[in-house]
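Encoded as C-alpha cells, here's the structure I'll be asking about.
The chains carry the letters A, B and C, assigned in the order they are written, with residues numbered from 1 in each.
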C-alpha cells in the first residue's frame, strides 16, 4: 500500500502544543559536545546527500556502463543524456501522466473524505467504531491483497491501461487515508465553533461547510500533499496496470531505461535527476505544512 | 437513516431513566445520526465498492486454482469465460505446509519479520538520535535539517536506482571499501549481503520521517519539565530517561506502528533494488507480487492467498500492539 | 454540498472521458475493410542496436502499402512476455508482434493467436528451415512466422586466447576450465564468464549430458535425473576456479558480462548472435576478426548442444478482420527473403529461410560463425509450457551456486515443474 515513508502519522500524535514551548533553555553543551554534534550531523548529512549527488554525477557520463568505471566520467562530462531524455523520449508525457493521475486521485480523495473526517471527528453514531476500524485496517493493506482482484476486475471492465483504472485503484487507499488524516485535523478545531454555528441556527452540515471547512484548509492541504506525493511515486500498481508507454507515469517510465538486455544507466540517471528536482522542490516547499500536519493533529485526544 | 432511528429507539428505552432529558437526547441524536450517515456515505460507498468488493473477490480467488491460463480473458470480440475451480483451503495448506513450503513461505516469513524488526529499530534509534541533535541550539541547524530530509524529499523509485549503481560490484561503495582495504561484499549478489544492502537502503530512506516526527515530539515537551528535573539534580541521562522518553510516548507509539506497517509492506526497495533476481531477499509482499505478476503462467490464487495471510499477520500484530500500549499506559499511570 | 457534488461529478466525468480517449486506438478499433488501417506492432529487439533497423523495414512496408500505417512500438524484451499476457487477455494488445519462439505455443494455447495457415503470412513456408516452422506450430496449426533464429555459442577473444598459447576453441567444459586458468595466468584477465542463475544459459550443460529439463514425449520430469545432477555439478564448477568469473546473480549481470567481454576483461562467454553488433562496438573487437565463434563446449561424453532461440511474428486473434489481413501482409513482408537478408546484414542475426542466406549475408563473419554451429542447436520439444521451465531452473541454480546442495535445488525445480505440468511423472 504505502511507499516508503511518504505518509504522516494519521493519528493525533503529540501532547498539546498550545504554545511552541521553548526548548532546553539552559544547560547548553560544551564546546566538545558541540563539535561532536556538528560532526555527527555533518556525517549524517553527507550520507543523506551522497546517493542523490552520485546519481547526478553518473548522469553526466555519456556511456551506459560509465557507472562501473566512474573515474572516467570526469574526463568526459556532458549534458548529452539530458538532451536525449528531454528531446527523444516520452519524458514529458510521463511527467504529465504522473501529475494527472496523482492530481485527480488527490482531489477525489480529499473531497470524498472531508465530510467523513468531520463526521467521525464530531459525531458518535452507531457504526462509528467499525468505520474507524475499517479506515485503519485499509491503511494496512499490503499491495498483494488487492492487486490480483483489482487486476481481474479491471481486466473484465476493460480498464487496464487507462487513467481511470489507476485512479480507482489509488482511491482505495487514498480515500480512507485522507479521511483518517482529516479526522485528526478536525479534532484540533475547537468544538465551540460548532456550537456557535448551532446557536446561529445552522444545520450540522451548514456548520461544517461554512465554519469548519474554511478553518480546516491547512489540514486539507496536508492531506492533499501527502496523497499527491504518495501516488506520484507509486510503483507496483502503475507498473502492472499501465501497458502503453504514452500512459506510463514517471515511476514506470524510469524503469524502462534499465531493462535487462539493454540497460541504459546513463539515461536512467539523467531522468532520475530530472524527476528528483521538481519532486524535491515541491517537497521542500510544502514540508513545513507536512511537519505541522504531523505534530499538530493533536490537541484533542 | 433507518438504522439511526432503530438504534436510537432501542437505546432510548433503557437509557430513559438513567440520564436526564431523554426525549431531548433522542431528538438530537436522531438529527445527528441522520447527518452523520449522510456525511460518511461517500467514503462508505468508496470503501464498499473499491475495497470490500475486491477484497471479497480476492478471498474467493484464494479458494480456487485461478491462474493466468484459466481466468476470463477478452480477445477482441471473443470472450473466454473463467474456468478455474474451487479448491477449498488447498492454497493455504500448500503455502504453509506443502512441499517446499520452507523455501517458498517460511524463509520469506522469517526474513520479513527480521527485516521489519531491524529496519524499524534502526529507523527509530537513528531518527531519535538525529532529532535530539537537531533539537539542540546549534549553528546551521536549519541547513542540517534540510539536508537530512533529502532522502524523504526525493522519491524512492529514484534513489533506489542510485543505490543499485553504488552497490553494484564495480560500484562506488566497493571501490571505497577496496581503497580502505576492507572486504567488499557482493551487495547485490551474495544472499546475506543482499539482505544487508536492502536494510541499508531502507534505513537510509526511512530515517527522515522518524526524525521529523520525533523532532516535533521533542519540541512539544514543555521546557519547564527539564528545568524542574535540573533543579532536582537529574543527570543528562536521567533527564532523557524520565522526561524525554515519556514525553515522546504518544508520538513514538504512533510512528512505530506506522513504521512497522510500512516496512512490513515495503515494496519499492526490494523490487527496484533486485529486480527479478535475489530470490532469498524477497519479502513476503514482493514474493506475492512475483507469484502473481512476475512469472508466466501467473499464479493468481496463491498470490492472493499470500496477500490474505499478510493482512492477517498485520491485523493480529496491530491488535496486540494496541492492547500492549493500553496496558503499558495503565501501568505507567 | 451541492458544489461539492458538482465538483466530484466533474472529476469523475473528466476521468471517464480521459479513459475514453485513452482506449481509442490500438487493436479494438473497427477499421473499415479497405480504408486506411493502422497496425500496432510490438518489437522486442534491442532498442539501441536492432530496433532502428526493424523500424526502417516497417517504413519500407508502409511505402509499399500506402493504406497501412505501422505504429512501431519497442517493448523491452524482459518485460514483453508479461505485457503481452496482460494486454492480449484484456485490452491494449498489438495487432502483430515479435514473439520469442518459446512464447508462441503458450500464447496459442491460451487462444491469443490467429492461425496463419493459408494466409499470405504462410505463403512460402517451404523455404523456411523445417524445424523452425515445426516450433511455431501448436496443435497442428501455424501460429508464427519465423523472423530470426539463434542459438548459444562460445564467443571468445582470439587475441587473449593467443596470449595464452591457445589456438583452438575448447571442445568440452573441462578444456574451457583449463584454458581459462591459462588465460588468467598469461594474459591476466578472467578466461570465462557464464551468466549465472539463468535457466536458458544453463541448457547446454543439460544437453551436454544428454538430458533435458523434461522429457516431453515421455511425459516425465527429468531435471532430477543423475545426468542432470552431473550437468549441474559441471555448471557449478564453471564459477569457481582460476580464471573463472564468480557468479553474478544480480539483475544487471547481463550488462556486466557484456561490458567485461566487450572491453577485453574476460576472454570467453556463452552468448547468442543478437549481441554481435554490440560486441563489434566494444573496444576489444575493433577488429571484427578478433571475435571467435565456436559451438558450446560439450559435457562428459563430449556431446554438445544448445537451445534454439529466435523470434516469430505472430498475429493477435483479437484484432478485427481488416487489421488481421494487414497484419498477415506485414508478417509476410517482415519475413520475406529480402527483409531477412537486410536485417541479417544490419544486425548480424541469423535468417530463418535458406533463400535469405545470400552471399552478402554469408560474408558477415558473425553470421558465418553462427551458421556453422546452428546444427548443434536442439529444437524445442512440442510443449507449450517449455519456456516457462527456464525461470525456476535459473532461480534454483542461483541458489545452488550459493550453497544449496545440487540435489535439493533440483528437487525444488521438480516441485515447481510438477505444478506447471500436471500429468507429468517425476
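By our rule, a contact is a pair of C-beta atoms (placed from the backbone, for glycine too) under 8 Å apart; a residue touches a chain by one contact, two chains touch by 3 or more.
No experiment lies behind these values; they were computed from the predicted model shown.
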Inquiry  = Centre to centre, using CA atoms, which chain is the farthest one from chain B?
reply    = C
Note = Highest contact count belongs to the pair A-B
Inquiry  = Taking the mean of the CA coordinates per chain, how far is chain B from chain C in Å?
reply    = 39
Query = Roughly how many whole angstrom separate the Cα centroids of chain A and chain B?
reply = 15
Query = Which positions in chain C touch two or more other chains at once?
reply = 8, 78, 89-91, 251-252, 256
For chain A, residues contacting two or more additional chains = 68, 112, 115, 155-156, 158, 205, 240, 258, 260, 265
Message = Two-or-more-chain contact residues of chain B, please, as numbers and ranges.
response = 42, 71, 73-74, 168, 170, 275-276, 293
Task = Write out the stretch or stretches of chain B touching chain A in their complex.
result = 3-4, 7, 31-33, 35-40, 42-44, 46-47, 50-51, 54-55, 57-58, 61, 66, 71-74, 129-130, 133-138, 140, 144, 146-159, 161-163, 165-166, 168, 170-172, 175, 202, 204-206, 208-209, 212-213, 216-223, 226-227, 230, 247, 250-251, 254-255, 258, 261-262, 264-269, 271-272, 275-276, 284-285, 288-289, 292-293, 300, 303-304, 306-308, 310-311, 314-315, 318
Remark   = Given the complex, residues on chain A that touch chain C span 64-65, 68, 100, 104, 107-108, 111-112, 114-115, 154-156, 158-165, 167, 205, 209, 240, 243-245, 247, 256, 258-265
Inquiry  = Touching residues of chain B toward chain C in the complex: what are they?
reply    = 42, 68-69, 71, 73-78, 80, 99-100, 103, 164, 168-170, 186, 188-191, 274-280, 293-298
Key: chain B-facing residues of chain A, complex   = 1-17, 20-29, 34, 37-38, 40-42, 44-45, 47-49, 51-52, 54-55, 58, 67-70, 112-113, 115-116, 118-120, 123, 125-128, 131, 134-153, 155-156, 158, 168-169, 171-172, 175-176, 179, 203-205, 208, 229, 232-233, 235-236, 240, 250-251, 254-255, 258, 260, 265, 268-269, 272, 275-276, 279-280, 283-284, 287, 291, 294-295
Message = Looking at the complex, which residues from chain C come into contact with chain A?
response = 1, 4, 7-8, 11-12, 14-16, 18-19, 22-23, 26, 46-48, 73, 76-79, 83, 86-87, 89-92, 251-252, 254-256, 259
